[in-house]
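What follows is a single structure, written as structure tokens, with notes after it.
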Amino acid sequence: MHGLTFDVAHMFAGGLVLVSFMMLYQDRLYALLNVFALQAFVLSLSVAWQALVQDAPHLYVTAAIALILKAIVIPVALHRIVARLGIHREVETVVGVGLTMLAGIALVALSMVVMLRVTGEADPLAREDLAFALSVILLGLLMMVTRRNAVSQIVGFMSLENGLILAATGAKGMPLVVEISVAFSVLIALIVIGIFLFRIRERFDTVDVGALDRARGERL
Amino acid sequence: MPVVVELWCVAALLAIAVVAAVGARMPLIRRGIYGASLAVTTVAFAAALALPADDSHITLPLGLPWIGAHFRLDALAAFFLAVINLGGAAASLYGIGYGQHEHEPQRVLPFFPAFLAGMNLVIVADDAFTFLLSWEFMSLASWALVMAHHREPDNARAGYVYILMASVGTFALLLAFGLLAGPDGNYAFSAMRAQTPPPLFAGIILGLVLLGAGSKAGLVPLHVWLPLAHPAAPSHVSALMSGVMTKVAIYGFIRIVFDLLGPTSWWWGVPVLAVGGGTATLGVLYALMQNDLKRVLAYSTIENIGLIFVGLGLALAFKGNDMPAAGALALTAALFHVFNHALFKSALFFGAGAVLTATGERQMERLGGLIHRMPVTSVAFLVACAAISALPPLNGFASEWLAFQAILLSPQLPQWGLKLLVPAVGALLALAAALAAACFVRAFGIVFLGRPRTPAAEQAVEVDRWSLVAMGILAVLCIIVGILPGLVIDGLAPVVTALVGDRMPAQLGVPWLTTVPIVESRSSYNGLLVFLFTAASASLAAFAIHRLASQALRRAPAWDCGFPDPSPVTQYTAASFAQPIRRVFGSYVFQAREHVDMPPPGDMRPASLAVKLRDPAWEFIYTPIKTAVSVAADRLNLLQFLTIRSYLSLVFFALVLLLLVLALWP
Amino acid sequence: MPAIDAVTLILAIPAVAAAVLALLPGYRLSAQLNVLASFLTLVAALSLFVAKPEPGPYLLVDDLNIVFIALNAFVGFTTSVFSASYIAHELETGRLTPVYLRFYHAMYQVMMFGMNLALVANNIGLMWVAIELATLTTVLMVGIYRTHEALEAAWKYFILGSVGIALALFGTILVYMAARPVVGEGLDGMVWTILMAHVAGFDPALLNVAFVFLLLGYGTKVGLAPLHAWLPDAHAEGPTPISAVLSGLLLNVALYAVLRFKLLLAANPGAIAPGPLMVVLGLTSLVFAGFMLYRRRDIKRMFAYSSIEHMGIITFAFGMGGPLANFAGLLHMMMHSLTKSAIFFTVGHIAQVKGTQKIADIRGLTVTHPLLGWGLVLGVVAIAGMPPLGIFMSEFLVVSSTFAREPLLAIPLVLGLLIAFGALMLRIHGLAFGEPTGSTAPVKASYLPMAAHLSLVLMAGFYLPPPLVAWFQHVARLLG
Amino acid sequence: MAVIANLAIQFVQMLLVLLLAPLLTGFVRKVKAHLLRRQGPPLLQPYRDLLRLMRKEVVLAENASWLFRVIPYLILAATWVAAALVPTFATGLIFSWSADLIAIVALLGSARFFLALAGMDVGTSFGGIGSSREVMIATLAEPAMIMIVFTLALIAGSTQLSTVAGLMLSSGVGLRVSLGLALIALILVALAENARIPVDNPATHLELTMVHEAMVLEYSGRHLAVIELAASLKLLLYMSLIACLFVPWGLAPHGAGPVAQFGGAVAYIAKLAIGGFLLAVFETSIAKMRVFRVPDFLGAALMLGLLGTLLLFVSRSL
């Protein structure tokens, strides 16, 4: 039994890292949103599995949030925003896709090395889980850094947050997991609904983060 | 317990400052402040003189929590307290009269007593924290005073350069105290005396103290703020800053190097001597190039500080080679000059203040002929000029004579470095003395003698009684100390014994009060006899001629070589008076270049002569630093205008870097 | 148990007040209520000095946070007094409309609640949530003016803050992962007192990685050099009471969190010493902020960079370690928050009177508004580290103990301090002295908060009450 | 009783110095005239000039202040005291303990200080020219003089003039390089200080060249007489200084009887005559330098003095 649970959890975590790589690869906004939905779905499966293994019922709530909010509601909302604002669909990446992928691989290697130094007596599942979580976080951060468009930055941030949820659920018996995931989803909701629809559009014609930066307080 | 009396005086001064801050508007308060600070400083002066044999110390629960604030009054502190409070009393007395002309008194009154309190506190402080706290408080109060006339544009620059240099000095002292206190931080001076730092640390501490105390005193490379700040302050404050605050800096140097730094090694004297000699000559050369009276006096302060540091350097060299008798002579010469300089420099700045009040002018080119309109000020100014130029019957000569005797003792020093350095420094000292005489002939001659060059100088009128009394007292003191140097030398004996272990032979015992540096036969100088001898022969000659020669006297226009109506402008001005010296010395030191603009014949444009001086200190040290900082500031300023994405990448790189460090950590 | 009530009171009052204020439409009444609530919190905080309660599973009061709770409540109270008169003026001039102000006081109390909770939280997860809450409210407040710059500043603050918070959360999870084998699962794995007791047995490598993430996560909130980008704009564009609270309290709370985890690491022998990490971050922020001060044109942005500089000094002090430097760091945290909030009080009124925040347009303050002008001069002199004000004592201890132990480190430290000093004094000469410009209309400012802060800092310059010294020395030894 | 005797000898010296000064100046003019194949004014002409000036009325400039009228007496007093301290026919007189070589140099310095002030008091450009040049010359001459004093003091072990002269008398000194340098430097400084030919022409009133004369241009009557007497006293002082330091033979040692002192006086007068003759010969054989060549001339004196002192610092015997 122990072997199977370890393998499945391991599979889900690996799947999450793989999807993060796919997200780095996308350069269309719609495709990016779909891949993000996929990632959220894989996350909810992993959390559900962890709930099953650790027979911790509260994790099911987190899995549900991940599934409903992040897999369905937010991608659809973003989809409609992208359509209504008519922001151009092409996602301008700062650095070429090839270079981003290379950086991604280096980051995963780095998180593996960092996590391997952790001594063995912590059970291997936790160590593997953390390594994957760290890679998803770093990839999410890389995503935010290499995209010009505000929408893709938010997607990067959300994938980073997925990594966090993966780490949190991986830690057996961690309290407050549900509260934290709720806090984060409130955060994300605030972003998507409050900031975007109400204010950013009211002031700027494009949500290209570059436009935001030009309105600087101390422009020379 | 005189230290308690001192602390009460400091508290009183701070109280006066608070009262002044609150009630600066009311005229009654305005006049009372200077009177009150005069009273308190005289009490402090008396307490400092009436020091019982043993030194008294006290610890208050203030300052660093686990050490408390230590205060101590020993022989060295008593002498410097006497000098400071004498200067402070004279400045307060002068302030009573001079303060009336201040049109924004609320900017000067609160900070004047605070400045005095800060200086007194530095002297009695006996642990690193209290010392630096009062040192910086003194700089802060004097910065506020320099900013009193903040409306003139270059005062703001003077204030800024001053406070920046002051904080450089404080950080140097702070680092020196850090080394002295050691890692576990025992900051009390008594603890510092117990442990002696290794020779390398001692060298670093000496360098840092030279930087710290030197920048406040005005040693040459660090002097740039002094000629900007001192003239910017009101005159009685510039007198305090020049005559007294520089002495606090010297006290700081002596306290750390002679007292806290443990056994002296001979090579400590070398940097001090070199810097002292350089400061003396360059200081007075700068003074000769200036046309603003108060800047001339500020630069001449730098020269006198150089003289004092030469004395201290010699004392260090002698003490390092354990020759206490010679060391005592050199240290007495230095401390004697500290006392003298406080006297005549304050008198000179009071004179400059009186001229400023009477004519509203500081530029010497626009003064002249004031001796006829301000007789008393001119007499006091003349005595002070004679004293600072080290003319025999006055006090300037007495301390310089001791310094030369100390130099003559130095062939006994074994080290080769000193054998070559001391004669060179002796030559620099002699050159500086001669240049000082030239500088003050120029200052007195251009300002007080000749014909008034502007209407302002013509309508000058004598200043009020208080200022005259203050100047008079200081001038008379210069004469008395010049005639009876033995009194001051014996007064200094306990200080010198405490620091160098030996003292000069007692002067009172010697017949006719002759000053004997080392041994009776060696050489001696008798101020009293020289004064009596000159006075007698002068009055004898005047009496004889008055009786025998004719009394007839007729006024007639001066010989003008046939020129129709010689206007006052044809007289020699400060710049033309210094022209020969500028050509001889200035062309090397300051790259002095004269640019003559002579219009072609028939062109009615006035001809003009412009002198361009390049200040080596600004050019090679301060301007490069300023450009370096502004270039760095420009380059880093771009970081303010990046996009959010680039800021995120900053965070990202930081994270990756740290993780890499963790991964590679052994 | 009355003591427990004191701690819960500190949390309850702001929470209740926030709820009430959210409902009140009128501005005048809610301002008074805001001041009253802050005052009650202050009283509750001061009562802690009398009876220090036992640490509960969720709430904890020990030597480290007792002083900062009191400081938090005091500055919160004085800022609320200042904010009352500031906002009144803003309404008159029409820069803010009652509609925008609707949630201002509620947000203020929520922020106070968040900060108090972060300070007293015994559970590292709870502390994370509290800091997250405080950051969110300040983001909303920074954007309250709805100008281009304000929104851009809020957006930047929000994005950088969220990333920082995410990193901090990952660090917290790692700490829990390290604690789980030794302490067992569930709530115990996140409770300070339990963690401190068993930290020796934790896995050092995991703790190291955790500290890196925590330092970067909470470091973003502290505004250390590479992570500082949000701080200057948030200060310059937000209303001044928020800048005062941001600079005075939020930076301290974030640094308090970092200190908590440094305590943890100091107790675990295996973990690498966090010192060099903090020293490097401290020095970079000090020197970087020092240089950035020169080219600033906006007065509030300049003092924001001065906050970064001082946070750099404090982090450097804690990085150096040793009883002297740690004591100095704690003292500097207290002094900096008092002085910087006093400066922002004066700057707030000055910006209102002169109608601009451009340094070039404000001249001759000591002539037109003597009280404000000399208050600003005293504040800048204090922040520049001149005696007889408090910051001099902490800088004295840091510089001298550093030079005695690591002479080479003292050089960049002193250079940074001098560069910053030069910039500050250069600006104050322009601002406070010279021919006055701009309006000379008298301002009905509340001088009480500024005077209270500066007199406290002046008193601390030469006398520190013994109980405070005892607490700080005890914590300094603990910090290692 | 001994004290009165000593005092008497001291007064004799003071009177001797005062009387001989104009004679020396007259003698030098007489010798120069003969060298230029001129008859020249009679030997006692300076005395007649002084008496004539005493009787004439003083014409004072309108702008002259009280300082202008006091200064001549100050200058005479300072120079006379300095001259009285330099041993002429005997060493170790009663007043010689009150001041040493440095004090004498400083007394001459104060005389020059007041003379420069007098020059500027009247407010015409002539006084300005004289004072500014005099002060420039002084900035080099005084340090050179102090360096010479250092050299002598290091050899003799004291700056007391009578001790130095006494030691020069004894054979212990012998020929030394530093003493030679000091002698040349002293001669250069003496020429500069007394406004003799290479530095300044005592006989001319040409504006561009005069230094000393420019300062005293406005003086007349009894004031001019006092100034002239002081100038000749100064020349005598430098002559007796060179004589007592470098040609000490014939000086009566301390406490010697009146016979030895009379012998000393005769020897002193002979030395003055030789000195005056040599000065006259030197002055006729050289032309006046441009004003800005003087700094190099005096710079050489300063370097010689410094070299002498340096040599003595390096080793006792050089």
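Letters A, B, C and D mark the chains in the order given here, with residues in each chain numbered from 1 onward.
As a convention for this text, a contact is a pair of C-beta atoms (placed from the backbone, for glycine too) under 8 Å apart; a residue touches a chain by one contact, two chains touch by 3 or more.
Owing to the predicted nature of the structure, the values given are computational and were not obtained by experimental measurement.
Shared contact partners of chain B and chain C, listed by label: A. A count of C-beta contacts for the chain pairs A-C and B-D puts B-D on top. Remark: chain A and chain C have CA centroids separated by 31 Å (rounded to whole angstrom).
Centre-to-centre separation of chain B and chain D, using mean CA positions: 36 Å.
One simple way to say how far apart two chains are is to compare their mean CA positions; for chain A and chain B this gives 69 Å.
Between chain A and chain D the centroid-to-centroid distance comes to 100 Å (mean Cα coordinates, whole Å).
For chain C, the set of residues touching two or more other chains reads 155, 159, 163, 167, 209.
In chain A, the residues that touch at least two other chains are 114, 117, 141, 144, 153, 212-213, 216, 218.
Listed for chain B are residues 640, 642, 644, 648, 651, 655, 659, 662, each touching two or more other chains. Remark: the chains found to touch one another pair up as A-B, A-C, B-C, B-D. Within the complex formed with chain B, the chain A residues making contact are 94, 107, 110-111, 113-114, 117, 138, 141-142, 144-145, 147-148, 153, 209-210, 212-213, 216, 218-220.
Within the complex formed with chain A, the residues of chain C that make contact are 123, 125-126, 128-129, 132, 136, 143, 146, 148-149, 151-153, 155, 158-159, 162-163, 166-167, 169-170, 173-174, 176-178, 180-181, 185-187, 189-190, 203, 205-206, 209, 233, 236-237, 296-298, 301. Remark: chain C residues 155-156, 159-160, 163-164, 167, 208-209, 212-213, 215-216, 220, 226-227, 229-230, 232, 272, 277, 288, 291-292, 294-295, 322, 324, 366, 381, 384, 386-388, 392-393, 396-397, 399-405, 407, 410, 414, 417-419, 421-422, 425-426, 429-430, 433-435, 461-464, 466, 469, 473 touch chain B in the complex.
If you check the complex, the residues on chain B that touch chain D are 368-369, 371-372, 382, 386, 389-392, 397, 401, 404-405, 407-408, 410-411, 419-420, 422-424, 426-427, 430-431, 433-435, 437-438, 441-442, 444-446, 449-451, 512, 514, 521-526, 529-530, 533-535, 537-538, 541-542, 545, 548-550, 552-561, 566, 568, 570-572, 576-581, 583-585.
The touching residues of chain D, when paired with chain B in their complex, are 14, 54-67, 73-74, 76-78, 80-81, 84, 95, 97-100, 102-103, 106-107, 109-110, 113, 116-117, 120-129, 131-133, 135-136, 138-143, 146-147, 150, 153-154, 157-160, 163, 207, 217-218, 221-222, 225-226, 291-292, 295, 302, 305-306, 309-310, 312-314, 316.
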